[in-house]
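I have a structure here, written as structure tokens, and I will follow up with some questions on it.
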């Protein structure tokens, strides 16, 4: 077994753009669930919307800034469509409606009738030009140890992690302010907050929009190193983001970032070790595809154990962060 | 039911059941040996479910009819090219050398008369290298623009109506379990879809791999489904109730369970879809409606099972106690009802019904590792439409969803039919959050 | 008390007057200076008419008690007036502004702030944060202004000073930094009242402020309520503790079966035959004070059921566990 390679790949996941995208999506979900108490089970839809609303205008020839704005605006509109009917409803209804809406948008981009726009099941590719064009890094390979990448890969990582840091700063500023106090109050008991003269509905909507926009920007980072594939945006994606958020701690600043890093490092490690074991003939009865599936079984089991035995996550304070409902 | 088990070749069947049981119990933990015991089983489908071959395949269907003899070409890099012809189940598949990119093309000339590509420009599909999460990849070609022209709207309508009713009854069978669990414990069980898949896989193993009569297989799935529900409550949900786990927490636990179970199924039966070739695919023509014997069997069984559940809930002591617990658990407990026992019974019932629904869903469509999850949201939609927690509401909601899914294809593309049903759910919640049948206020 | 039969005492109370009242004292009488005026407010839960109030006025600057047997519709009336529940019919105004159909948060902003019978302290916020949430017109509660601390720092400091004063007054200052979840039931009640006062309401509506409060604290709580009146705040409270009602209220309104059956100053209203009838019903031998204890409440029960069938309302804190506790 090539341990060096296995660990090298795993360490590389720490700063990979995918990890950044998941971290950003989890930060957004943290605003929804961790701070405001909204049960959003449709975060994948925000990533999907970010991806398509960025890729489609770019492929139509729009400049980078227009494509990014399009992603942000579309996610705001989607947040309103999602929030208007559901934010007055009980929490579990919000869960079912958000998960259903996420599936609806996925069905829509996958339908063959929209092949010319969305590429249907095949998705979209060839939208990296505008982003690569503003890359200030000269061509070449840079880095040390396991972190050696070409100029495009470094550019995605720098932009992606800068956005993650900016989002974390934003969450920090929001949550130390009276605004954060109101949304945390809503998480605890929205009637009490209402009785104190706060427009609960409006605050929930604001939280939904901010977290959704973060999800949509995460969607852009997510597709920059790859193609847009509608099959990536199933509810499975939402649940992985949930796992990451709960892993780090739902209402913490660094929780989602560390959660995303641990999630991807562990996935990479288990994959490397299982593949190595299969090649070395230690696990004769499974093949590499099945090894990939074992990882997801472990994700499911880990999610269960986490929620049962450490609901506050790694960083969370036991008193503050157990579930309120 | 004991008689049913005796019919099979005794020892091996017991082994099989034990295997299936440990499949549901011991979720993972290196029990890979199971696949080794399962693989020697005689399998009529040549897709070899437990090997490492990579395949691209699919099933060609025109509505409910399979399309035989159509040619599909798979081409890849480095000059790989192979042609597959669909067999009498409409199935085609090509074994490919590596997890790479391929182009799949159907030859419209080889389609039978009266069958065409729904969109003549969509005769190719691509497979990207990132898609190889499993050993097999499915590509489908929507067929049937031609039938739409030849059959009148009214015939189409009746055909869809029958299919929708059938599908609605299947959803109802599974959804009643969701609604009973919600009613008695307050849990939104996201792992319910996996209980459906469980039944389908058990039936596929017994009926197709072991060649047991489909009705016996159904009984086995029903019993094992009930056992599955019992075990879940015993090992997971009851301890969680004791521990004082909150509702949202429990809901996320059920999501984790769903993921773990789903990938466990994938681990054992791989990603290909399996057809239940059990001799129930003959078509019967009833006036303008063409319906398979499988559909009729499924409808009859669904109705009988639903009636039985209805009688159980309204006529038996345990059933009445169940409704009492749903209505007001503390009052029920105070009046001497053993709430934990009732919840246990509800889990058994829910597991059995979901498994039965899974078997029939396998007959109606196909068996695949994520089939339950695909219908989970439709079940939630049905339950929510009917008003959460009401068994009768779940039935009505399910029929509405089933009919809507099938009838919507008369107007919108078939690949959006689930989306349409979910949109209806959202719209209904907007207008009547209490569901179609839920009264705005209720007093006891 | 059994000698206070309605036939013997009912007649003499013919033309009673009172300085707070315009004209004659009686159920639904007009006040000289009302702060709340409600007309034909009804609320039905299924077949049960929980509230059916033809006319009601609450005097300004006074302490008014709303009493009545269990299930009389007092809490429902509270919910209706404050926008937490929607009536089937009816209009009401507060300070001359119509509040019918106005959402709860706007009712609170208008100066009519309530507390809840089951306390709603925000468990995972500190006691101080709970208090600060009560302050109105906070610049830092706007999404964009919240990001720039200089915009709200000074206001926050002023609010903190006020919150500390109130906490000291309610003897919660030692708990300032603790999570509200760690407080006792009585302390939560106090915190909720103090929090409501942070918004400097014109009318504060207290739903059973004494229930669960340590007897050692009740005396100071009574003092707080009297101080409120001295500061010019009107108080409306629901209470079962008759000593408290007799001790501090200026005016008493009695509800039974959804209707206002009597009102008057505390010393005379308890002698009103309609009140005795409402409380005693069949048990004429029982002491009136004993009947004011808690018991099964048909209206709350009906309301709970209605809420279950009616998912708009946010769910209560019901654990998945122990279904017997979910009710």
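For clarity, chains are labelled A, B and C in written order, and residue numbers in each chain start from 1.
Going forward, a contact is a pair of C-beta atoms (placed from the backbone, for glycine too) under 8 Å apart; a residue touches a chain by one contact, two chains touch by 3 or more.
These numbers come from a predicted model, not from an experiment.
If we define chain centres by averaging CA atoms, which chain lands farthest from chain A? Would you check?
The most remote chain is C.
Suppose every chain is reduced to the average of its Cα atoms; which one is closest to the average of all protein Cα atoms?
Of the chains present, the most centrally placed is A.
Distance-wise, how many Å sit between the C-alpha centres of chain A and chain B, to the nearest whole number?
One centre to the other, that is 29 Å.
Please work out the Cα centroid separation of chain A and chain C, and write it as a whole number of Å.
Each chain reduced to its C-alpha mean, chain A and chain C end up 45 Å apart.
Taking each chain's centre as its mean C-alpha position, how far apart are chain B and chain C in Å?
Their C-alpha centroids are separated by 53 Å.
Chain B: which residues touch two or more other chains?
Chain B, residues with two or more chain partners: 240, 243, 245-247, 249, 388, 433.
If I count partner chains per residue in chain C, which residues reach a count of at least 2?
Correct list: 311-312, 318.
Which positions in chain A touch two or more other chains at once?
Residues 88-89, 91-93, 324-325 of chain A each touch two or more of the other chains.
Which chain A residues qualify as touching chain C in the complex?
88-93, 170, 173-174, 177-182, 184-185, 187-200, 206, 210, 319-321, 324-325
Considering only the defined contacts, which chain B positions touch chain A in the complex?
27-28, 32-33, 35-36, 52, 118-119, 122, 125-126, 128, 130-135, 142, 188, 240, 243, 245-249, 251-253, 255-264, 266-267, 270, 373, 377, 380-381, 384, 388, 413, 415-416, 418-419, 422-423, 425-426, 429-430, 433
Tell me, which parts of chain A touch chain B in their complex?
Residue list for chain A touching chain B: 39, 85-86, 88-89, 91-93, 95-97, 99-101, 103-104, 107-108, 110-113, 115, 121-123, 226-227, 229, 231, 235-236, 239, 242-243, 246, 283, 285-287, 289-290, 292-294, 296-308, 311, 322-325.
Could you pull out which chain C residues touch chain A in their complex?
It is residues 82, 84, 103-106, 108-109, 113-116, 120-125, 129, 132-134, 136, 138-143, 146-147, 149, 152, 156, 179, 181, 192, 195-196, 198-199, 311-315, 317-318 of chain C that touch chain A.
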